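Two complexes come next, and they have one chain in common, chain A, joined by chain B in the first and chain C in the second.
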Partner chain A sequence: MLQFFNVPRRDLLTFLAFSAVVLAMPLWLSPLGAAYPGLMQKFAIYAIFALGFNILFGLTGYLSFGHAAFVGVGSYTAVWSFKLLTMDVLPAMVFAVVVAGGFSLVIGYLSLRRSGIYFSILTLAFAQMCYSLAYSVLTPITNGETSLQLTLRDPRIIDTALAPRGEGLPSASILGHVFSGVEGFYFCAVMLIVGFFISQKIFSSPFGMMLRAIKSNQVRMNYTGFNTRPYALTAFVISGMYAGLAGALLAVTDPLAGAERMQWTASGEVVLMTILGGVGTLIGPVIGAWLIKYFENIFSAFNEQVLHRVFDWVPDGLEDIVVLITSKFVGEGWHLTLGLLFVLIVVFLPGGVMEGVRRIAGLFGRRGKPSSGAAMRVQPAE
Partner chain B sequence: MSVAEKNIVLHVADVHKHFGGLHALSDIDLEVEEGKTHAIIGPNGAGKSTLLNVIIGKLAPSKGAVVFDGQILTGKKPHEINQMGVVRVFQTPEIFPDLSVLQNVMTPAFAKRDGAYRANIWKPLEAETEIREEAEAILEDVGLHERRDVHAGALSRGDKRRMELAMCLIQHPRLLLLDEPTAGMSRHDTNTTIDLLKKIKARGMTKVIIEHDMHVVFSLADHISVLAGGRIIAEGAPNEVRGNPKVQEAYLGGAHDLGAHSK
Partner chain C sequence: MTDTLKGMRRRTLLKSGLAGILATGVAPLIFTRGAYAQEFCNAPTGDTVTLGFNVPQTGAYADEGADELKAYELAVEHLNGGGDGGMIPTFSSKTLKGSGILGKKVAYVTGDTQTKADAARDSARRMIERDGAVMITGGSSSGVAIAVQGLCQEMGVIFMAALTHSNDTTGKDKKRYGFRHFFNAYQSGIAIAPTLGKAYGTDRIAYHLTADYTWGWTQEESMKNATEALGWKTIAPVRTPVGAGDFSQYITPVLNSGADVLVLNHYGFDMVNSLTQAVQFGLRDKQVNGKQFEIVVPLVSDLMAKGAGASMKGIYGTANWDWQLGDDASKAFTKSFGAKFGQPPSQAAHTSYVQTLLYADACERAGTFYPPEVIKALEDYEFDGLGNGPTTYRGADHQCFKDVYVVQGKQAPANPFDLLQVVDVASKDAVTYDPAIFGGELGPDTPAMLIVDVLISNPGGRFSR
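Up next is the complex of A and B:
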């Protein structure tokens, strides 16, 4: 078990730097106007989701379009743990990860019988099935379109056995300590750091190399003596468990679970995050998640009034036209901006933000001698 | 030398293969002795690839069986056949283009050591010194040690072939199947590949070489089977086969590259 903490020096430095950046979020986000707990929690949670998704999509090369289903399963499980047992987050997280792992085992086992586009379609189909189950068929369990919520009549067996019921709805707690203010964020941040550590272990392990090899040439893998399907299934289940954890944390920060969390747009979002940041790189997906959640927060908060203030300097007649056009890209229409951003990245920077970083580093490192595309892909893990 | 002393590793027993009305293989009977290099040659369309696919279990014979070390190979999955010790080199090098050369050669060593599946995330790759050293030694053998950190996709075709050979050798196969190891290569690459195969031969590894170019095999093989029209028309030591009029006719009448390096 000690081997678990056997980490190469370079990885250790990356890990420490990453932890510092995550824990210092309230500091460096405040000049950007994003240092409030609700948003920072989202940063941490969606980064966990993207980290796990990258193990399947980035390392193994299987593009799933249904991973939001596992987030939803994680949320429902966590809320049920709150309702039935206790408001403590630890059992809620454990159950969520285990149940999401179970779902991903079944869905992964069936979907991995195919590869390429057929695999993607299968995962999408399963996720849509989960969505409609949650939305209508399983209403007694999921509470349908009104979302699963805490009520005053919840049994909470463990909590009520330990202490008398308080007034009003309880909040999530850890070992008796109720989260308040920024504590919820730090809890999510610690989970993100743990998730990052495990992902880093996988990236630098022989198992990670096998996953990369599967992505690179599955036929060779088979003729080399590897049974590739259990490898891919393991990657699928691990990423499903990350998604389950993310779902549980969403329920921790706001104890409610709705079916919309499982919708295909939510699955698509994590694909965008991973590609935007850099598929198959260790840190890229985290950056992608942060960028998307940050811009979502900025752009969706804009409205015409704000725009008028921004374009104050434009001559009067023109101002109305400029505001009319730009208003389509903000607020409800922020997805238009996201789509544009995505197109630009895929066309000009197919390796995502991480490729951009490498290109810039390459310019400074070896002036006048830009690194070739092949060399760039040699070391994806950083 | 009595028959009992021979140790037969691979036995292709009375194999027939037809696709609809087309008889791709008829009446094929081959025995491959341990430690020997057995070449199967023949003009284009003779059925060499079909035979290889039958041996490797990819195609089921219409009649007959392929027995390796007492076990029937037909119907087994590629990874099971590899784990039994039958390792295949492809006609177009099958490698992991996105991994480094060293990682390409280390990967098969894990299959040999850990079996078909093991989720080993505890011990970092850098701590696997034994496998790393073994891979470096083999890369030294095939002359690619200096390029070990290069992206495998960036190698030349000849280097890819040598690396693929290294990937197979690190598994210490009991039987190595080579499918046209010099196909589409320049004369220089062909010669280095032949030298390399001779080096391997000196280690006493059992090999089956499927080859179109007769010159490649004459210097390597202990035993040659000549395939034409889906049948074995001649068999024996290289010298016997070379002088055989039926072989001359098959090559000169069908294709016409007896003595010429292909492509």
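Up next is the complex of A and C:
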């Protein structure tokens, strides 16, 4: 058991640095205008989602376009656990991870019969099926477009058995302690750190090496006598469980589950996050998730009023022009900015933000291989 | 040698890393200390009060969202004493003096709901937790409005719903902190049925195309009940996804269904697309069952009529308000909106503007921003002079009751904005119903105390002890 926590020193350093950065979010996000619980929770949750996705996409190279389905399944399961059993988050999370794992086992088993583009299309098709089911067919379970919400009449068997019903809707709690917003963030942050640790272990394990071998040359693996499919399926299920956890945490921090969480745009978003940050790197997907969520929440809130304040120093006549031009890139135009950023990164830094970090590190240090990147660049010998 | 050096460095790094973790874990406790001195969520303490405008800026309802945002800007300007005051002089309550709300200047923040529940709640949380908004308003999709209303109830922030027409908003999903000025699908059905009976007879077969979410469902149900009471029959309704874009696959089966009326329970760009396509497919030139084929759009707005263009001519629908109404309040509002933006306001703009004024007035009458008092001031409040005639904010479900207008697309518009004409008015009494028919519970009005976290983003402390 202790063996499990015995990690190489370099990994330990990465882990500690990562933990410090995550836990210190309220401090370093403050000047960026993003240090409010709602967004910090999203940062932690989508980082978990991206971390899990990266175990599949980054290591095995299987590009799934349907991972949002597992987030949705996790959310619905968690909200149903809140409605039927208890507002405690622990059972909700366990159920969500298990159910999302089950879904990913089925979908993964069927989709992994093909590889490459066919695999992507299959996962996309399954996810869209889940979405359509949640959106209209299964309305009694999912409440369709209106989203599944808590109501005053929910049974909540365990809670009502222990204590009389209070007035108003209950909030998510852990062992009787009700979360406030910031506590909710720290809870998600701890989950993220645990998720990061597990992902780190997988990256450095023989199993992780096997997954990389699948990415590098699956045919050769098969010829040498390995059956690669169980490995790929395991990776698929693990990443599905990460997504389920992320979905559960979304419900924990805000007890509502909507079908649009399962839409293909949501699946595409996590692909963007991973590519933006750096496919196959440990930290890259997390950075990608943060970038995208930052754009979505902060840039979209800039209106002309704010811009006028920002460009106050520009001479009067010019100010209006500057504001007019920049206003196209913020507010409702945040997609445009994100798109431009994505194009620039893919063209100039194919390895994502992490490649940029590596290049800069390479300029300064002779060693030029930061701890996290080195392990990732190991490729099986040709 | 180097190894030892490195080892030392690592050890120090480890130590400082741990210290950092500890420090950050403790930090929030320090920040939040004393926050309980604050009475309720986002109590304004400076000389400004912040309102949050949460509207769709992208997606199928973006046109309505843009218009709502304009109306909010105008309302803020008028509340702060700018412009010509719009409807403030015509409003029956005379508490608003153009000096902000309770002497505090009105500031605002905006957000994009993307017509999605998740995104809308994210952006509402940003406005509440980061920007300190004391009231959230907006809408354009009932699904979104219901989701945000639920959030506002949890957080103890008043939500003044703008454009949301589903029965559920003030029906089964009603909340103590949510208020709606706009009318609902049930009222649309009651209002439009007599007009339809007169124009199209009582022996019709209707086919429904319905936007697949809470608003569409309730409107379909209300229209079905109201028209079946006339003697119409309904063929099984068809649900279409929001933002579908192309409706041709849904319209083709209508031709062979034996129906002679098509009811489009669509809104925004969806309605523009489905109506235009239905007309292009020649539905309105058809004779079915020996009768002229007709199309009904139960909820229409100027923006949609503009989008649909010539297809809209002669089509019946209902509206909450129209800029061509002759009363002083409507004229004043249309004038000041037109002067600022060069176009007449839509009904979405009107309801947004009115909701902002009503909130401001309720705060003035309550003498505080404390939500339970503001809620009391709004419940069962009777007012006039906001463009809809005498209006009641019913306390039992937080729904406004007022006249509902039956409108028709104009055959010969005099100008690009002259698109709808009011052909009938359903009186306030006629559209009043028993709140019990939709069920639901308002919940408690005790304010939430938990939003102390805002301090972290704002450690300077707008929150006095």
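Everything that follows uses one rule, which is that the second predicted complex is superposed on the first by the 345 of 382 C-alpha atoms of A that agree within 3 Å, B and C clash if a C-alpha of one lies under 4 Å from a C-alpha of the other, contacts with A are read in each partner's own complex, and residues count from 1 in each chain.
We adopt the following convention: contacts are C-beta pairs under 8 Å (C-beta built on N, C-alpha and C of every residue); 3 or more make two chains touch, one makes a residue touch a chain.
Computed from a predicted model, the values in this text were never measured in an experiment.
Of the two partner chains placed around the shared chain by superposition, chain C is the only one that A:Ala17 touches, whereas chain B remains out of contact.
Contact with chain C, but none with chain B, is seen for A:Asp254 once the two complexes are overlaid on the shared chain. In the superposition on chain A, A:Gly168 contacts chain C only, with no contact to chain B. In the superposition on chain A, A:Thr224 contacts chain B only, with no contact to chain C. Touch counts on chain A: comparing chain C and chain B, the chain ahead is C. By the document's definition of touching, of the two partners only chain C reaches A:Leu39; chain B does not. Residue contacts after overlaying the shared chain place A:Pro315 against neither chain B nor chain C.
Touch criterion met: A:Ser30 reaches chain C, while chain B stays clear of it. Once the two complexes are laid over each other on the shared chain, residue contacts for A:Pro140 go to neither chain B nor chain C. Contacts of A:Ser216 after superposition on the shared chain: chain B is touched, whereas chain C is not. Residue ranges of chain B in contact with chain A, taken from their complex: 77-79, 82-83, 87-88, 90, 94-100, 103, 106-108, 110-112, 114-128, 149, 151, 153-154, 167, 171. Contact residues on chain C toward chain A in their complex (touch as defined above): 10, 13-14, 17-18, 20-21, 24-25, 27-28, 32, 57-58, 62, 108-112, 116-119, 121-123, 125-126, 129-130, 142-143, 146-147, 150-151, 153-154, 168, 173, 212-214, 239, 241-242, 441, 443-444, 446, 450-454, 456-457, 459. In the complex of the two chains, the chain A residues touching chain C come out as 9, 13, 16-17, 19-20, 23-24, 26-27, 30, 33-39, 42, 135-136, 144-147, 149, 152, 167-169, 171, 178, 180-182, 186, 254, 256, 258, 260-261, 296-297, 300-301, 303, 305, 331-332, 334-335.
Residues 3-4, 6-8, 11, 201-202, 204-210, 212-213, 215-217, 219-220, 222-228, 230-231, 234, 374-375, 377-378 of chain A are the ones touching chain B in the complex.
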